[in-house]
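To keep things simple, chains are lettered A, B, C, D and E as they appear, and every chain counts its residues starting from 1.
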């Protein structure tokens, strides 16, 4: 539960006080003290140079003449790093602000000569994390909230020259990073799908308040995923129709695949959401069924004994037996057995009536 | 039930681990060991040659100079076959990935010189199956998940030269295959419509939890069909407005008919869905009606006997009869009959009140 | 009820087995044996010739040099007639298929030199009926499911030269026929509106399950009308924006009026649907109000008598009266009246409490 | 109530029998016998001539060479007047039909050289009324259902030369009339808003069926307003984008203000509708809260006394006291006080339990 | 509560009586007597002149040759000021009317040479306030309902030359003012988000009517925010796509950031609204759970004691013990202990049954 809770915990947007100068870059409390991990990959079809940088190395970085430079920034605790990167590669201050003021809504923003892609990564059961990607001519800069391992397969592909990534341009790297972020949604959704199915069983077997809370929690998680996927779809579509020149037609075929994944994800999310909504109905129905069962037992027990108790009450009265009209039954030799038989008949009649009505 | 369950069972998307090189073709566990059935039809207005191929024959296939080549692949258990077909006909790796990573959302994707059509076939009570179709100049390649009989009527029409199929081009074959897939939805929806009507009866006659489960199951099935039909409609529309040149205007008239079928299917699905949603309301209403009936009986029985029991309790008290003020009724000669008459009057009064209030 | 039931009865779509050659024309079982009634009207501003035809006369029909030919086909039991008409006027096989495979969704389809308009006629309490209209240069062919009287006013206007119909072209005749079909919805919707109002009364006066069924039935009927009107609106709009040349601008003013009627019909249908949805809420509320009333009576009766019964129970106990501590009240001279007064006070107190709480 | 009822009373559309010749103008029963009031205003910047006309004067009216002619028709009881006006100013028969067949949906229709604007005026608590406005080059013809006072401020402004109306063209008069109709919605919506707030109080204080009926009635009224405003918005927008030439750019600035009012009205209507929907939930919740309170009292009273009654029942049994095992308590000197103490403890224990559970 | 109440209190639109001359400027009662605070900032890159004006100074103001003139009007109590400002800067009368007739829906209106931006500022817990901004070539006029401190950071930035505001044009000032208004929504939404979370706890712990009222109040507040943000988004978008020339491309980058903020705000509002809707369900579920618990106790207590009370009732009957068939158990030496054992068994059996059924 704790882990899921992290996933849906409401992120406090780190907003500046209203009226702040736009483009102000401020460290945010939550970012912690862990140092930022800076890596630079400079690669081409034939070679790949990988360097671990310190903040001081940033001004000396230059867009390469050939090949691709990937500046891989892990962690946002130091706004100076972000400022330095922005200054080096001419990134718009508003774009830098979006990197730091997490969480932003996933989006694509076009600036004069660069492109900002913001995505939200949900890798169950980790909390959502913002990934910001900048693309200029031969440079990709990626910012992650923490120096996570989401991009490790990409790093490995760049190092190992697996696939065609080393032969392609910066736009292909952008695609590969987007794809890595979006692919991570599939296992998350699988797990949520398993939860849906598990809850479908539980809702019938034990419609207790805990189950209702679990459904609510699941709906919250699906809402979180939806809020990450829905705008990501628009962002991917914007990259597709973009006539910016930064993305070559050959890469667009791959980005279409990304877009397709977001459509599939939306389809899954919406299906799960519809199923989860149905679960609330089913829970309510199961609760009221259980209630009905309880009520039926009360009805039957009460309805059985109330008339019988009335009968035995009659013969507990103290009317003066001297009058022959006052409860002569009490004087009969077989009065008691007769009453027992009468009560058995009444009980039997009610039993028959209840069965006929299908209440039993 | 088991069969319907197969239809709506959640398909596990076979996704690669995030970060995999795009275009990776991997066998998936569920595909089983059953060999792939490969057939090639080479036909023209006058002749039709049908061959059963092995995987090794694929490289030797060539697009025909005239007539149409239909490569009919049944089963996806061997990714090597898919790879070989892709290599032979120049199909994009991402397109091939879509063939293997079932289930894909129905869609049309355009590549440079070929077209991929993905549809989901729902042929009640079989589980949904993905059909992938490639169209190039004179070649159609069709992939089915298992070597099913959905395309048998088309195979027969090609063999028998029934209709105009042999005189038309590859685009007409694509249409015919799409049409076969989409036509199969009609009997499925008829059966679901029968279920809706059957449940409308059941919900009134026996509003038991099983009925609720059946409604839920029906809604799930309708959701499955909807997810297959809705994107198929978009796909057919895309084929219609496509200016790709692969589809001739004469064939578009037929594809418009396909499109029209998907619109009709959506109309049916949405109507059934609305009816099924109404069923939940009716179920709830029927349950609460039944509850009301039970409650009414409890009310009436309890309300009848509680005052009477109170009366007989009075005359069971042991007040000292020496005082003339202490329950003189007990000493009356007709005390008991008088009490019986009193109780009958009270009961009758309540009966009259209940009837007046229409509770009985 | 039976008549309304006919209106909403689910039409079984007469679909061919999947994979059938497109354009196959087959008789359908439901069409019955009643012969098809064939009429030809050949009219111009000055004359009107009306002929009753047999199926054999069709090949001899020819588009007139001047004036308008209206071929008025009543009944679909004989596919040969449809085939012959199609052959004579060069109608596309798929269009003919739509005529026979009723019910089609209302639509407009454009073919090279002719236009197909499919509408659904709902003339309460008759079952819905499909009307298919073909328009070519000087010819209108109309197909009705049964040789009904819906078109009688048009026939009369053609015969009597009432209005301008005889001076106008074939497109105006098409408009007049569409208008006749759409106008028939207004009385139907008036009747449904009356039903809504009647149910609004009933739902308050007698919230019994029959009322709920009637609401359900009404919603079903509104759904049926909606499914006929909604696509008819799109069809009329398509005729309006059509640049086909078959419809002259002067006639478009009239078609706009038709379109306007469909918009008004949709407005009425949606309003009635919203009102009908509100009826379900009101029904539920009325049921629970009634339930509350029943519960209140139970509460009050039980709450009244349970404490009193406890009191009389006390004085029915058999404690040994020799001890002065054991129920000395029984020995009091005014014990019984005192108890009666006590019980009256308790009852009065509860009565006051209930009234204060507004439960009574 | 009676007045509100008039506002929402379902208007019976006066439709012709289906198949009637289009453009047929018929008197309708509801129109009454009150004579039509005909007024003509001929004004320019410097003068204003106002004449009361009879039906016979219509043919002699002529579009003025300069200034504006406003023909102000109050009442629709005489179709001959409508016909005469139509003939004099060349209005299309279908447009005239719309004037008489009230209620039409608000709309703008363009004909060759004139424009028809239909609006619905809702001036609480009057019943809705249709206003039809025709605009040609220098002429505005306005039709009201009854010779009401809605246009009196405009008449006064024309007479008094207040504002710029006398200096502007016919299009400005059209705007002024539309604005007068739309402005009347604001006080109506204020009153509905007051009703919403009043019902919010009532729903909590007295959740009785009458309150539910009042909510239903309010929702009906909001629906009526919505149906008048929504299409009016579209109509105003159509006037704005219209390239007809009848409306000058300078007037469009004012029409944009009209459009803006309709958007504001929609915003108010939708907010009130959402609040009214919330009221139904609150009503249901209040009813079930009250029910809960009633149930709790029953529970507590019954649960209190049922065990106590059982205890006193025990000591009312008649077991043979000769055996020392048979109810020796009855023989104790302090038996009765001991039992009373026992019962008090039981009652106290239950009281404590109920309080702990917060049921009391 | 009182403060929140101010926030959602329904604003009475100050509308003129229907038919008033358009552009009439009238004081409104609510505006109070507090004098209007007029300030003029005339600034350029190098200097900033700030003057406090009286109403009489307005006619002497002139658009500057260089730099930017910001006329900062705080308070709307004096329509003469608004009229004078309008006259001085050639503002359209309809635009001035929008300034005074608060609340307007947020919007952007373009006039010949100036632009009107209307926004609603929600700065929790203050009541909503309208901000109207005019932009002409070198002049920005801002109207606030009361001379609040929302624009203080902007005033400070202008005075202190902090950021680039002094070097930019009037369009940038417009942006900065819009941004200040929109940024104020974030803390408001944070507080509403805290309320949502607080209510999530409360709904489970104490599902009392007060909690329901708090949810209703929260929904009302979210609706208020939504009505302010939704049209603001459209307004910002309109500024972005505007080809008016008043806004330079460089400023559009910043306005896109504003637009982005409105999209994020909508996203937050919609998420909170969905969560608040879920709260109603949860409240209902919690209430019915509590009800169930109460019912269960009643059932168990009643079902326990009703059969036992019947048993003790039997042995309170007064049948004539002379007959050996009449209740011989009463004569047994161990009759009473036997009955106690029997009753304990019955009670134990029921206890076992309830536990098995999981009702306990």
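Things to note:
Criterion: a residue touches a chain if its C-beta (ideal position, glycine included) is under 8 Å from a C-beta of that chain, and two chains touch if they have at least 3 such contacts.
Small disclaimer: the values here were computed from a predicted structure and weren't measured.
Shared contact partners of chain C and chain D, listed by label: none present. Fewest steps needed to get from chain B to chain C, stepping only to touching chains, is 1. Taking CA atoms, the transformation carrying chain C onto chain E includes a rotation by 145°, reported to the nearest 5.
As for how the two copies chain D and chain E face one another, under half of their interface residue numbers coincide. As a whole-number value, the distance joining the C-alpha centres of chain B and chain E reads 41 Å. Averaged C-alpha coordinates put the centre of chain A at 25 Å from the centre of chain B. Of all residues in chain B, those that touch two or more other chains are 288, 295, 298, 302, 306, 309, 313, 316-318, 327. Taken as a graph of touching chains, this assembly forms a single closed ring in which every chain touches exactly two others. The touching residues of chain A, counted against chain B in their complex, run 150-154, 157, 162-163, 165, 176, 179-180, 183-184, 186-187, 190, 193, 197, 204, 253-254, 256-257, 260, 263-264, 267-268, 271, 274-275, 278, 281-282, 285-286, 288-289, 292, 295-296, 298-299, 302-303, 306-307, 309-310, 313-314, 316-320, 323, 325-327, 357, 359. Chain C contributes residues 10, 12-13, 15-23, 92, 94, 104-105, 107, 109, 111, 209, 212-213, 216, 219-220, 223, 227, 231, 280, 283-284, 287-288, 290-291, 293-295, 297-298, 301-302, 305-306, 308-309, 312-313, 315-318, 327, 330-337, 339 to its touches with chain B in the complex.
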